[in-house]
Amino acid sequence: MILVLILYLLLAFALFLIPKKVSKYTPVFIALVQLLVFGLFLSFLPDIQNGKTISSLVEWMPRLGLNLEFTLDGLSMVSVLLITFIGFLVFIYANTYMSSYQGTTRFYFYLLLFSASMLGLVLSSNFIQMFIFWELTSILSFLLISFFNENEQARKAAFQSLFVTGLGGLCLLVAIILIGSIVGSYSLTDWIDKAELIKNDGKYLPILLLVLAGVFTKSAQFPFHFWLLGAMQAPTPVSAYLHSATMVKAGIFLLARLYPILGGTQEWINIITPVGAITMLIGAYLAITQIDIKQIFAYTTISALGILVVLFGISTELSIKAAFVFLFVHAFYKASLFMLAGYFVKLTGSRIINSYGGILRKNLLGLIIVAVALLSMAGIPPMFGFIGKELIYEAKFEAPWLSSLLLILGILTNVLMVAVSLLVLFKLYLGEAKFDLGVATKKYKLLLVSPGILAVLSLGLGLFPDTLSGIIEPALSYIYSGEAVIKLKLWHGFNTILLLSALTMLLGIFLFALTYKNKRLIKGWQRMNVRLFSINFNRSFSKGLSSFIKISAKNTHFIQHGYIRYYLTTIIVFSSLLLLFQLYITRGWEINTNFSLQPYYISGVVCIITFSSLISVFSKDGLFTITAMAVTGYGISLIYLYYSAVDLAITQIIVETLMVVMFVLVLRKLPRFIVVSSRATKIRDGIIALTFGLIMAMLALKALNVDIHPSIADFLVENSYTKAHGKNVVNVILVDFRALDTLGEVTVLVIAALGVFTLLNVKKVRK
Amino acid sequence: MVGTEILNIAQLIGFVFLLAALLLAFIRLIKGPTMHDRIVAMDFMASITMGFVLIYSIAINKGMYVDIAIIISLISFIGTVAISTFLKHKNKNHE
Amino acid sequence: MEILLVALIGLLYAGGVYLILRRSLLKFIIGIIFLSNATNLLVFISAGIVHGKPAFVTGGDADPSSMADPLPQALVLTAIVIGFGIVIFTLALKSKFYSVTDKDDSDEIKETDI
Amino acid sequence: MNSVILQIASKYLRILFLMFAIIALLRGHNQPGGGFIGGLLAALYIVFNTLAFTSKQIKDRLKVSPEAYMGVGLLCVLLSFLPSVLSGAPLMQGVWVSYSISDFEVIKLGTPLLFDLGVFIAVMGVTLMFLFTLSTHK
Amino acid sequence: MTEIVLPILLPFALIILLVFIRKVNYAKWIGIIGSALIAIVAIYIFINTLNNGVLVLYVGGWKAPYGITLVVDMLSGIMLVVTSFLVLSISIYAYHFIKNNKQFSRFFLFFFALIMGVNGTFVTGDIFNFYVWLEVIMLSSFVLITMGSEKKQLEGGIKYMALNLIASLFFLAGIGLLYGKTGTLNMAHLAKILTNDQQSLFMNTSAMLFFIALGIKAAIFPLFFWLPASYHTANITVTSLFAGILTKVGVYAFIRLFTLFFVQDAYFWHNLLLISAGFTMVIGGMAASIQYDVRRILSYHIISQIGYMIMGLGIYTPLAIAGAIFFTVHNMIAKTNTFLVSGIMNKLKGTFDLKSMGSLLKEQPLLAVLFIIPAFALAGIPPLSGFFAKFILIKSGIEDGHYVIIAIAVLTSLLTLYSMIKIWSEAFLKKQPDDITIPNSKPIRFTVFIPSIMLALGSVLLGVFAASFFDLTMEAARQLMEPSEYINAVLGADVK
């Protein structure tokens, strides 16, 4: 399995090497590869049916519990077959569809990588690894949606989808890590073994919510569904592949994957079912008033995803079975419908359904394909969709919780679906033909190949549904970890379910009849919808974003305001607070006060320094300030001298002198101090300064009174002459014991000098 | 013994006077009124500092402090000169 | 006397902080000098202070207890010299800034934020 | 700035300054002084000269550019590490050679001295650079 | 083990060389060759560390704790290698982006001075020596940031300087108090004394001073103001250099000091670190979201991502520390690369403003790839390096029960994603606005892309070989969490 993925990866990069001449046939080639892989996996089917699983493991980061683990079991089998098969069809379709665009190599690159990551996602049995593929699908979806990159709508939609799915992805990651911290591994088998442990853990509910956040965003459940609508900006093959058949199903897949681990609990049922129910109803309801063909299909996709989620929420064996069947049903008809939508768009250059009048009048093949797909969607026998719908009704009928409500909602949804299907069908068939489509029809007839195959499947599986049960059974047996037997029949005999189906159809047709051609009704309905569902998620997403940015802006302007002195104030106040806190903890005020009074003369010197520093602070004259500063410096050097630091004192004096000279040199070119702060500012700054000074003085006092560990200086003094041949210990430290410091220090000086030179010694730059 | 005592007293007197001189110079430094007064005061303070160092070196009996006094005497006037040049420069500009 | 020294350190810190909070960049530089003097003194006294006993070895006889701790002195010496370099560079930067913009007011340089 | 008094003074102070600078350097290992102090003292003399003459005159008279001082100084610092490496001792360990002049006088020369010399020269160069750039820029 | 001084002495020798050589063309080649040499030395040292454990050099033959000791353990080794890798690519980059005028004639001198300081901080085992190297870094970065002397650069330089000066003063004061208390400067010795000392609450005062100083250096909340004010003003080469290396020195110091000897009162420190990490992440991310200048966006993201590293330190488990190191390395590479790419964008479009850029995907597909790799790495998209870094951090946080900070971290990574996508879609996807005229520039040679390609490869490889690198970081974290190995290697067993 790893080999397959590597093959995809290599192939993807090899695409860029294909010479221009043959690049026309790239997609066909890829499609063949997909078919090959499909066949390969299909050949494993007997093994899987016998209850075997095929797995491989490569140790990667065992210390993090992150290994490359792939498992092909019943569940992944279902998905793999869908992905490769639809992938095959999509590439064939894309060969014609994309031929007129620029940058197709990039497109196929993304699309192929997407196939690979989707395969990786369903084959992974290590959850972190699965998450990696999960994110990759999001990213590739982003790249594909924004393929028409100069269209602003596409960019926005791409970002939206990435943002929403990315948010969900992060939640999922946290959930995975949380489970991992309970189980101590990320491996699927370990998780299944310890499912009870997880379910009984106190963190079960947060974990479930986080997982569901991932699922719902990916599978476009209410209220995250809006990104899927925007995603229709992508080229049609992408919509057909990612946004109906595969990627959005990743969430469903995850639900199935996690069902043995998290599923079946009361919380599971109570949270998932309502969300799914709302989604399916809203999707179908809003589909009926749309006029953009891709939007219609997007809404019905949302609705279908809702149905799938509901079925997993119900958590009975029947419902899961129904879910799997419907997975196939939906994949077949929806992929086909999207491809057809693309076909119409190509033919007419428009996505508005009202302009398609009579488009299929002279196109019998097209008409049949469209009809099969739409009828499958409507669930009309003998299409495959009918079987799916029957099963769903049955599942809802027998649901342990709120079955009647679910059933009613389900019927409502299907009534709407029927109406939508019929509406689309009739709008395409009837009406006046506005274009002469002869040439275009011929040109794009290859676009019908893939939908045709799918239509055949929809019809064929409707007639002989049991062929699928061999594929679905292993998947079910994964979920219930035991044998599962499925019998799929077209004809169930007369029972309540059939009655309900019939009722659905009747109501659907009635609704269709009511709305068809009744433009006023539709208009009114639309208006009502707008008023009723006044929240436009798309718009509120943008609004939320922009208001967030506004807050950020305010926040940033508040923090990063540009006044150096307030930056400094913040830092000083912050450090004062921290230090005060520390002094409080260490009881900094408890200082033993046995001070020796030193000779008067040095005290006098200190007093004078104090005064001169005060002058330097408050003086308004630059020169005077500097003079006072120099006096302070000299005074400090006297203090050093008094406390036996001879070299230090000399250095201080010389440096102080040099500093005065340099100041004077610079001062020649500077103005007088002009800026005067207000009195209040001065007082505030004074208070800050005094507080800080006080704190530092306290620290100094503490430092003076701390008992010292034996200092390493003793060694230095003892060895200064004997080993380093110098009597001046300070100098010996500088040039021998700590020569590296001095090296750094000289470097600093040299850099400073050259820096000053670089800074000043250039021709005057423009102001 | 008497010698050290005399020395002690001499030190005491020296320090007191130097401190007084320092104080006076400092007052001149503060009061000004012109910058020239201040410069002179500053230079004067440097000289007093030199005296301090010398007496201190006698007090603790360390000859090396004399070197420091010499260095102070060598360089302290440079600051003064620098500030004076600045003043001269400024005055020239004013005229 | 130590209390005076400590007070001096506190005052130098306070003065330095007060100066760096001014709007004039020149005052800011003087404030930095104050702060670095204060910090040097802090480092200097923190290892204990001894007066009148410089760290010089006489002959082969070296008794650490009879002299001041030389290590902080070396540290402060390094710090002083580094501080000198930095202050001069700051001064040059300030001077350059003034010659480019004719401004000495730190409140007027907000262009690079926001 | 041209001040006759200062100019004449500078002539006589030169010997004093340079002498002190070199003394500070050479005996820095045993008495107060060292490369920094020596270098700064030497530079201070030129500072003083600059105040007495103009910095251009001084620059011309100096012949060697401050950069060269810095480079040579740093080079000395680097070279002072070489003997220890060559002799197989731990890096930067002082290597000492002593010459006995008489029975009492022993001159000890060691790599720390070279190191100090490097510092001396570099510091001088640095100070000169500061001085010249700050005094000439407009 | 003399070689571990080479990361300091080699740049020093190059500085001397560059003092004499002023021709920019020669300097450029010296820069590239010198950086390559430094990289070789760094790799050599790293391999040595791998084989022999902690490397110790007593400078001048003075045994620890008396002289200065240079120590290279796993963390230092990793940082050395990554830094030299960045340095090499930036020096190649500089070949095209340094103007040939007088102002920039000394660029490489300051460049190597910076490297010297950075390497110094990584290898030194002495706290005061650390301060000296910090000063070397600081001063050379002052010079670099003002290079060009435009008004904006001077403004940015002043702000940068004002706040960093305060930081170094705090640091110095902290050292003073530390020495006063313990009588030693050697970090291993300090660790030994302080971990044995139960009453050393006084220590916390100097720890506090270090916290503030390093907090400013590393640009954490609420001390980061200098970074966004200055980073976007400098020459793009300089900004890239700073973005990759400078703040990370602060982070390195944080990790080093707060695992080695500021280990008392862990509860207080870790919470303080976590709180400021949380604010740092959020505020950085928010501020980035409003910007439209590429470099400003990226600058704010530096801050935001510093938060993650500090978070790792605040969680303080071996896994978290490993995560912090992983994140640091990943971020150094990816961040530098985004800046490099932004420089190329500027060269193409003559601006850093997103609003007047566009169409780069069509015009420069290679550039697009080179941007999207580090950008997605920064946003934490698997399987690039950033994902693993983030994953390790989140995992460690969850296992240790820090849910709030993890939630913040997760949401912040969405903000990162937002900003990266903004740059991507504005500069690359959008059509070039018609009303903006692009100054005619010479066509870009392929060599311009080389450094960026190197770094992008680095990001990818760090993702692909995350396993082995994770083992390295775990080893580094283990060494940090059990400092006895470090201490014994430096001091020997007999020093008390």
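Going in written order, the chains are labelled A, B, C, D and E, and every chain counts its residues from 1.
The criterion applied here is as follows: a contact is a pair of C-beta atoms (placed from the backbone, for glycine too) under 8 Å apart; a residue touches a chain by one contact, two chains touch by 3 or more.
A quick note: this is a predicted structure, and the numbers were derived from the prediction, not measured.
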Chain whose averaged C-alpha position falls nearest the assembly-wide average: E
More contacts between chains, C-E or B-D: C-E
Most widely separated chain from chain A, with each centre as the mean of CA atoms: B
Length of the line joining the C-alpha centres of chain B and chain E, rounded to whole Å: 50
Chain D-chain E separation of Cα centroids, rounded to whole Å: 37
Centroid distance [mean C-alpha coordinates] between chain D and chain A, Å: 63
Centre-of-Cα separation between chain B and chain A, whole angstrom: 72
Per-residue multi-chain contacts in chain C, two or more chains: 20, 28, 40, 42, 44, 46-48, 51-52, 54, 56, 71, 77-78, 81-82, 85-86, 88-89, 91-96, 99-101, 106, 109, 111-113
Contacts with 2+ other chains: residues of chain E: 12, 15, 19, 59-60, 128, 132, 135, 139, 142-143, 146, 149, 151, 158-159, 162, 166, 173, 176-177, 179-181, 183, 185, 228-229
Chain B, residues touching no fewer than two other chains: 64, 68, 71, 75, 78, 82, 85, 89
Touching chain combinations (by label order): A-B, A-C, A-D, A-E, B-C, B-D, C-D, C-E, D-E
Chain D to chain A touching residues, read off their complex: 28-37, 40-41, 43-44, 47, 51, 66-67, 70, 73-74, 77, 92, 94, 96, 108, 110, 112, 115-116, 118-119, 122-123, 125-127, 129-131, 133-138
Chain D contact footprint on chain E (complex, rising order): 2, 5, 9, 12-13, 15-16, 19-20, 57-61
Contact set on chain D toward chain C in their complex: 30-31, 36, 126, 130, 133-134, 137-138
Chain E-touching residues of chain C, taken from the complex the two chains share: 20, 25, 28, 32, 35-36, 39-40, 42-44, 46-48, 71-72, 75, 78-79, 82, 85-86, 89-90, 93-94, 96-97, 100-101, 106, 109, 111-113
Chain D to chain E touching residues, read off their complex: 67-68, 70-71, 74-75, 78, 81, 84-85, 89-94
